[in-house]
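Working notes, beginning with the structure itself.
Chain lettering (A, B, C and D) follows the sequence in which the chains are written, and residue indices restart at 1 in each chain.
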Amino acid sequence: MHAGIIFFLVILGSVLFHIFTPWYWTDIASNWGSMDDTITLTFWIGGGVFVAVCLFMTYCVFKFSYKEGRKAEYKPEDKKLERILTWATTIGVAALLAPGLIVWNQYVNVPKNAIDVDVMAWQWGWQYRLPGEDGKLGATKIVNINDNNPFGIILEDPYGKDDIMIQSDVINLKNNRPVKILLRSVDVLHNWYVPQFRAKMDAVPGVITYYWFEPNKVGEYEVLCAEYCGVGHYAMRGGVIVQSEQDYEIWLQEQQTFSELIAKQKKIELNETKLAKK
Amino acid sequence: MSDPKIEGYEFKPGYSGMAQDTASDQTMFKGVHWGKAMMWIFLLSDTFIFSCFLISYMKGRGSTTVEWPNPSEVFGLHVFGVDVPLLLIAIMTFVLITSSGTMALAVKYGYEKNRKMCGWLILATAIGGLTFVGMQAFEWSKLIHEGVRPWENPFGAPQFGSFFFMITGFHGTHVSIGVIFLFIYAYKTFAGHYDERKRGWFTSMKGDYVEIEILGLYWHFVDLVWVFIFAFFYLW
Amino acid sequence: MSEDFKNNKEIHAQSSETISGGTGGSAPDLDYVRPAEVSDQDLYHGHSFITKWVFCQDAKIIGIQYFCLATFTGIIGLILSWLMRLQLGFPEAAGFMTAEHYYQFVTMHGMIMVVYFLTALFLGGFGNYLIPLMVGARDMVFPYLNMVSFWSFFVAVLVLLASFFVPGGPTGSGWTLYPPQAILEGTPGSGMGIILMCVSLILFVAGFTMGGLNYLITVLQARTRGMTLMRMPLTVWGIFTATVLAMLAFPALLVGSLMMMLDKLLGTSFFMPTILKAGEVLEYGGGSPILFQHLFWFFGHPEVYIVALPAFGIISDLISVHSRKNIFGYRMMVWAIVGIGALSFFVWAHHMYVSGMNPWFGFFFATTTLIIAVPTAMKVYNWILTLWRGNIRMNTVMLWCLGFIVTFVNGGITGIFLGNVSVDVPLSDTYFVIAHFHMVMGIAPLMVIMGAVYHWFPLVTGKFLSEKLGKWHFWTTFLGAYSIYFPMHYLGFIGVPRRYFEMYDSPYMTSAVGMNEFISLAAFLVGAAQFILIFNIIKSLKTGKAAGKNPWQANSLEWLTPIVPPEHGNWGDRLPVVHRWAYDYSVPGAKEDFITQTTAPSEVTDTKVEKT
Amino acid sequence: MVETDKKEQTTTHKIGIYLWIWGLLFVLSFFSYMVDWYQFQGMLRWSLILIFMFLKAGLIMAFFMHLFWERYALVNVLLWPMTAIACFIFLMVAEFKYTLFTRLLYFFVGG
């Protein structure tokens, strides 16, 4: 009897905890509200099943606890009941799967007007690159990477010249404009994750991965690494600033392109050699 | 091996027989010796190992951007002034198939309790296996001499060397283990352990000619794997 | 050596004279069971201490050896989890712990618990002890191989533990061992640690293959007369199917470990693309880290069911025995186990939705994953429908069963979140995942193990465990574990990523400091509660109540041996003959509320047995 | 282990069948070697390689390993797990194509 009461209280406690919890998801700041909706739907259906199953179990504990002399029912199978339960479950599962697949279809198909943002991960930090006026990123090679060329852009590639290099671990994004995050890593697995945007994807060395979202709330957000990448994993942070269009354009003007960066570097080297000659 | 006779059990053919065997008591594989069933299941597991190797090889070869060496040239031999592609590999294939054939016959004579014939055939199989291992050693040393290493090769993608040494090495290990057991079994056959039902050295279980068939299954499997390696690694 | 076999000389195949297994029944046709197909098993009887207790070929002793060694490694895993929770809940009190230590503890905790504790305990421990007894065999079919299996496991554990003492310590790459970081500087234990880990896994797989072949062939080829597959207790079905999965899934782990070892030792580039590290380009190139993930999860997902299926099977038996009712929908239960097992090979990449694999895989794997939910749900329904109109003994064993149902349903439903591809995106790699898999394959199987220990302890030792201590043990474990993992899901919702040594002052974490402290306290308590069991075992061995034969009035064969606890060879001079399934409880018309599997139909002619 | 102290001899097959299969295996191996010798390319090469491979594998399994004479219970137990392998192969083909595609796109083409 006591056992039944405790089990009942556990279930009641779980439901109450869910209703009154102060810990729940952060305010969403991207277009992926549909993910939250799917989670909510799963909560309703799944939570309903959980409560129903556990309450039924508790009821059985109250009702059918051992009594000397009583005999349990003898019924090996009930085809009809089993069939009903199978179909009901199948329908429930299909109802959960369908929205999941629809949202995933949106997730893997990037809208045409998305801006590319190249995110490079390394142990343990982030760096960013944006395409220049041609809207295209230059091809890269890891062996080309050096201090002047943090992404290893192939110098001969015409697309690469006007790429905008962000000399910071914070990236600015335009509000209400989709971005396609292109992820690359030079060493191990990483994952560029902003909880408010909901979306995430691993950065894998050797290939480029992608995902997209549309920030829709101006503000500053913290970037976390969400794939274990060695001892510095927990400290691998970055930032995102979502800005209105005007603010974004101002910020963009201040950034240097790849050719500017190289030219500046050359100038410094030239000066150094001059100084050395003197 | 046509259906064995089992008291009180009538065999049905085909899928209805399968249903009947599965639903029956005591055994699912009617008349199949425990050891033989074990070897089959082990080979199934081993198939998954080799499949994982070959799938990894496919993934590695398929996704590398560096050119994959042409195996026909890499494994070619220069004999009598002509370049013959894949000559050594072809000979190895024939050697292994030959040994598989002698093994199959050994199993047959084992069941007929033909001790001498069985023993000689097992010995022939063992020698075939030994030849194969020897030729593989020659092939390895030739490639190593040409500069192929597990981590690099002069002909192209470094994965070529990695997968080559790993997969043929793993297969060669199987062959070598098989050869060792073939020699042991040849001895045991000649010594009459199976006729006298002498107990095994370690397991202390009574000997039986079925052990030859079990070893035969293993040996044919090694040949089977080579068929796949030959197709996927050397010909592809 | 020949005298070792002398006890067995008189045993012959049961001929057709002894066909009717009952008491010289009045209706021999009714009791007819086919004669034995093969003659009786020839067993090696040890004489010395070494052959009887150390290098022993008796599956029951091997089972106990597996059980003890797995429990020992499990306790190490438990201590590691304490250290982790100390760091997460009270970082100021864990000043001695660096990030390296933390990650090493995380890794070893995960690997030990999944492979060396749960897998070894369910299959090696319960499998060895119960399979031969439940199917009516004298022993496993290859006792010598079975012994070697245990000692391979022993060496694997030694190698694993040795990695704590090598330079650089054990690997700290997470239990998934993802390359490239597993073998690169920057991850603790990337030198000897990871090599020993791979060696240990390869040894484990080799040893397990030997054991697994035994379990499979014993179930398939060495059942006793009358024991059809559809009369086997679900425990055997669960362990059997799990072993099939293990035989087919461990190869992928073996191949993955081997290739990673070659990457580390020989500098091959199976999993290693061009890598820039500390300004230098390493001598790797062209490999694919995602390949390892595919290999690992091709093993890893079936591995989940390798742990879960024996738990499903055992819990079905415990619920049925202690509800005094047949398991509801036995055939559905069997097909669900087989179906889950088969499907588990087609769902592996649901662990990799955000790994950067081909994005179109998401559709395939989400669909297959959610299909698995259907047979799993059917099992849950059948468990609670078994309770319905039963006559439930509310003893410790039943409490563990009820605890299992609550935690398993909870963890199963959060599994639907994570299996459904786009729902997984925000939740993957957060604490939600940790809470999910601890609930579903940590706590739930643990409940089953504990239930099984309380249930079968009288069989193994002949003594009952103390009910009073058992109830204390159950309630602290259940309530404690539930209050660890239920709130933890909400940390995941906030977005706290897993495998974080500490959170600094991130806004996500500051709101959850209190919860983290609470979780840690609960974890200390739950861990400590497990020592109640050890105390209970020691105490009950000395002063426990004698159990006698078949103390739970169960039907299955393991309780029906002539001597309890069963001796080597299990069945004395006559193998049992089975006439019915293992669940004839409370049959209308029967004198008692159970009819054992060996009861001949002629003895119970006046009952309304539906299924035999 | 099982004692098969049966009086009757286990029936074996005629030697001819083994020699036949043996010969066929040699011929098929020779053919697959010829695929390389004549340097067939493209689909023709692949299909020929696969056909000869499966024929050889089938013959070895069916006759040398006696699977042809075994009961369906054993045959099915051995062959059904291959669907998992088939699925793995199928998906890994899709995976390597995708990996190669992204590598070529981002590391060579750019844009």
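We adopt the following convention: a contact is a pair of C-beta atoms (placed from the backbone, for glycine too) under 8 Å apart; a residue touches a chain by one contact, two chains touch by 3 or more.
The structure presented is a predicted model; accordingly, all values stated were derived computationally and were not measured.
The most central chain, judged by the distance from its Cα centroid to the centroid of all protein Cα atoms shown, is C.
Chain centre most remote from that of chain B: A (centre = mean of CA atoms).
The pair of chains sharing the greatest count of C-beta contacts is A-C. For this pair, chain A with chain D, the centres built from the Cα atoms lie 43 Å apart.
For this pair, chain C with chain D, the centres built from the Cα atoms lie 35 Å apart.
Between the CA-based centres of chain A and chain C the separation comes to 33 Å, rounded to the whole angstrom. Contact of a single residue of chain A with at least two other chains is seen at positions 206-207, 209. Residue numbers of chain C whose C-beta contacts span two or more other chains: 38, 42, 141-142, 248, 286-288, 290, 294, 298, 360.
Touching two or more other chains at once are residues 1-4, 81, 88, 92, 95, 99, 103, 107-108 of chain D. Chain pairs that touch one another are A-C, A-D, B-C, B-D, C-D. For chain C in complex with chain D, the residues that touch the partner chain are 38-39, 41-42, 141-142, 248, 288, 290, 294, 298, 345-346, 349, 357-358, 360-361, 364. Residues of chain A touching chain C in their complex: 3, 6-7, 10-11, 14, 17, 21-26, 32, 34-36, 38-39, 42, 46-47, 49-50, 53-54, 56-57, 60-61, 64-67, 70-78, 81-82, 85-86, 89-90, 93-94, 96-97, 99-101, 103-105, 107-108, 122-123, 142-143, 145, 183, 186-189, 191, 193, 195-196, 198-207, 209, 222, 224-235, 237. By the touch rule above, chain C contacts chain A in their complex via residues 99-100, 103, 172-174, 178, 180-181, 184, 186-188, 273-277, 281, 286-290, 323-326, 328-332, 354-356, 359-360, 362-363, 366-367, 370-371, 373-374, 377-378, 380-381, 384-385, 387-394, 399, 402, 405-406, 409-410, 413-414, 416-417, 420-423, 425-430, 475, 479, 482, 486-487, 490-491, 493-495, 497-504, 506-508, 511-512, 515, 583, 585-588, 593, 608, 610-611.
Listed in rising order, the residues of chain A touching chain D in the complex are 136-141, 154, 157, 159-160, 182, 184, 206-209.
Of all residues in chain B, those touching chain C in their complex are 6-9, 22-32, 34-35, 37-38, 41-42, 44-46, 48-49, 51-53, 56, 59-60, 63-66, 150-151, 157-159, 161-163, 166, 199, 202-206.
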